[in-house]
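Here's a structure for you.
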């Protein structure tokens, strides 16, 4: 399957008022398949919005190229690209009615009135706003405005829909509802969505694939589970979800795996690693992989320590432990009823286990 | 009457308001005069001799002055109305009887200048100064000019000319060229006079009081202006010249009058007496370059002024100078025609 | 409920306290002179200015058609002058709009410091007397003036342009005088313009021209209309510019009114002419207010409701 969007080696610099330059995009390459929901994720200033704006045509690339559906659009102005954008604050036209907002792209394209009418009607129905066509923008709630923005961007049947943090202005409940709606909508219209967000949970929930950006580079591009379970480097590991990163040194490399020596002296068997022998690495342990009960796995890591802090979050307890050798460990535990008393008090002694399969080695180096 | 522009009126009135209220104590004299219409040296001399402090405010038109005086409590002692306004102010009961005509030095005044019909024995006002309204031109643009016809011929030849923005003065040119009186109230005569201006309108660049700098720079070849143009002729003798047109011209005269509600009536009378002195009248003329009705003063003024035929014309020319009288209701004929002129193009 | 009544009464009282000073101010300095003008326009003119207290409808008769006496004749010339003033004022509005619109765009996109500097420059002319500035324009526009000399120097013209004392000079002068009045309301609405609307329009396939016509123009319309009205009204009644730069050959309604109050000594007719101008302006303002109430409905729309 050939990609609907193909960004190759995209580079973009800004000059700062002080005379310096900021590299917003540093050789970014990205392929998006038709019908794929891809999220660009990263902290603010990582280049994700710039990347989106170069795809939509609001920013020019300094180097590299962009292809949409096999056609190069690198130097095409925004209005001639077969993509549409949903803006962070929607950018709905305040002087036009809802129907006229939705009809805008069809009107400027010079379509016949009857066709515009029927397509706008379909679109409003799709986003659940049929009957709202004559209303003014300011008569709508935030969620409704969001839907108008979606309808307006989809009515021209773009090949890709770009979404620039469209949910950030909504409160938490509405945001979760809209996340589902967006996902459903994407499946219904069957086109590629490229979605920008700094909210990792949002990215993981909605996306087929996520590109994590930092310093103008893609640190990792993969499925949410890939990113969560097998982050390529420390940055990705830290950015997506909570985790414990324990320092270790690769001591032995074999074809089938490697052996790493933890700072605490424990030995860990790793399934595989890119790291060279003798390299210092980090071992990622997700809090939910820390267990209270001993397993059959003989190679499981064992930590003995003292409970420092306990947060009760409903089903689970988030427990911070200081092990006897001074390592801090965070664990999401769901203790059996009889064990609860043992862990819920700070100062209690506790023994925890981590299976070897739950260990994931990451390098500290970022993609450069 | 060097400056008559209505625009400056506003600024001047504000200044006037600010100063008049203060100046009413003993030992003061408040003059309300046309802008640049008295030699400041005269006022200094008066103060030096009498110790009376003189305050001077200025106005730009008779009507502006009248409105201010009619409003009451102006605080002014002396005003300088034109002769026809002198009559009007007398009829409105705004003037104080001064018996200046009885003063010892009044014999200095040429009796023909006691012009106001309502004041034949100079019981109220003192004839102050007079002048004519003729043409100033740029000698580098045109060789020699001597008549109104020359002015309009010059305009027709493609050079720019400027006429005064004053309905009676400008329609007056038409009257003079038609041989009718500048005070005519015959509708047909007024229309015919206005038609003279309308016929030449295409070649008239502007109606303005501020034409002297434009004539000096050569942007305008000639302009309808007051005898005071001689001041500028003196400064630029190679460029400018002023003449009284041979067909005749209008003249003006202002009288010095004390107001009925003058706060310093005695000082005002003293100033009138002071001004009757030939050397004082001459001092004024020296700077103003206009005419004085004071006969012995004419002996004292510099020769280049006394011998300037455009300031002191010979008897034959003097015959052809007409002075405006108040027209009452009939002023509207002139205003109507004036509006018609301004929209005729 | 007693408690509620007293608190409402207190609210009324404080409202009254707040509204009374401006009401009194407007009453004294706006309504009174206006009332005087209305009354004077129906009185007989006094011989030497002022009024005679007799009802007199010929002031309006002269303008609108029923006066026919020796002194009071209907003349269409007054309406002609009025229409000419409207034409010159509209030209001024158009010209200042064409100059200010791009300038406001340009300045509104500057960094803050430079923006403030340029805004200061726009208001700078107010520090110098208007009459002085207009006489400076005489020096610029006259045949031997700066503009003609400069154009001849660079060979664009062979003969000096005939600018001074023409309609063109009046329009140039009025445009110059009223540019700040056009600029500020325009700037206010252009600065508020959300650039993401422009991007959204381009994104949806609109060309630059379509974006301008369909989005930028309608969204900044309140500023355009506001600026136009603020420029149109004083242009219509202006008399200084036509008398200085138009050489009084270009008579506008303001000059006619000024003449009635001064040299013509006909205050009632001047008042009647003034009422005519005011009627025209009021009509315009009513149209504006009606337009604005419609605008109001979506003026806050761009803001996203947070809940």
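First chain written, first letter: the chains are A, B and C, and each begins at residue 1.
Definition applied: a residue touches a chain if its C-beta (ideal position, glycine included) is under 8 Å from a C-beta of that chain, and two chains touch if they have at least 3 such contacts.
The model shown is predicted, which means the values in this text are computed figures rather than measured ones.
Peer 1: Going by C-alpha centres, which chain is most central here?
Peer 2: Most central by this criterion: C.
Peer 1: Computing the C-alpha centre of each chain, which chain sits at the greatest distance from chain C?
Peer 2: Relative to chain C, the chain with the farthest C-alpha centre is A.
Peer 1: How many angstrom between the C-alpha centroids of chain C and chain A?
Peer 2: 56
Peer 1: Which integer distance in Å separates the CA centroid of chain A from that of chain B?
Peer 2: The mean C-alpha positions of chain A and chain B differ by 90 Å.
Peer 1: Rounded to the nearest whole Å, what is the centre-to-centre distance of chain B and chain C, using the mean of the C-alpha atoms as each centre?
Peer 2: Measuring from centre to centre gives 37 Å for this pair.
Peer 1: What does chain B use to touch chain C in their complex?
Peer 2: Per the stated touch rule, the residues are 5-9, 11, 61, 63-64, 66-67, 70, 88, 92, 160, 162, 165-167, 187, 204-208, 210, 214, 217-219, 328-329, 331-333, 335-336, 338-340, 342-343, 345.
Peer 1: Which residues of chain C touch chain B in their complex?
Peer 2: 47-50, 70-73, 75, 77-78, 80-81, 84, 129, 131, 135, 138, 142-145, 164-165, 240, 243-244, 246-249, 251, 255-256, 258-260, 262-266
Peer 1: Please give the residue numbers of chain C that touch chain A in the complex, ascending.
Peer 2: Residue positions touching the partner: 111, 194, 196-197, 199-207, 210, 214-215, 218-219, 221, 297-307.
Peer 1: For a test of understanding, state which residues of chain A touch chain C in their complex under the given definition.
Peer 2: Residues of chain A touching chain C: 17, 56-58, 77-80, 83-85, 87-95, 104-105, 107-109, 136-138, 140-142, 145, 152-153, 156, 169, 171.
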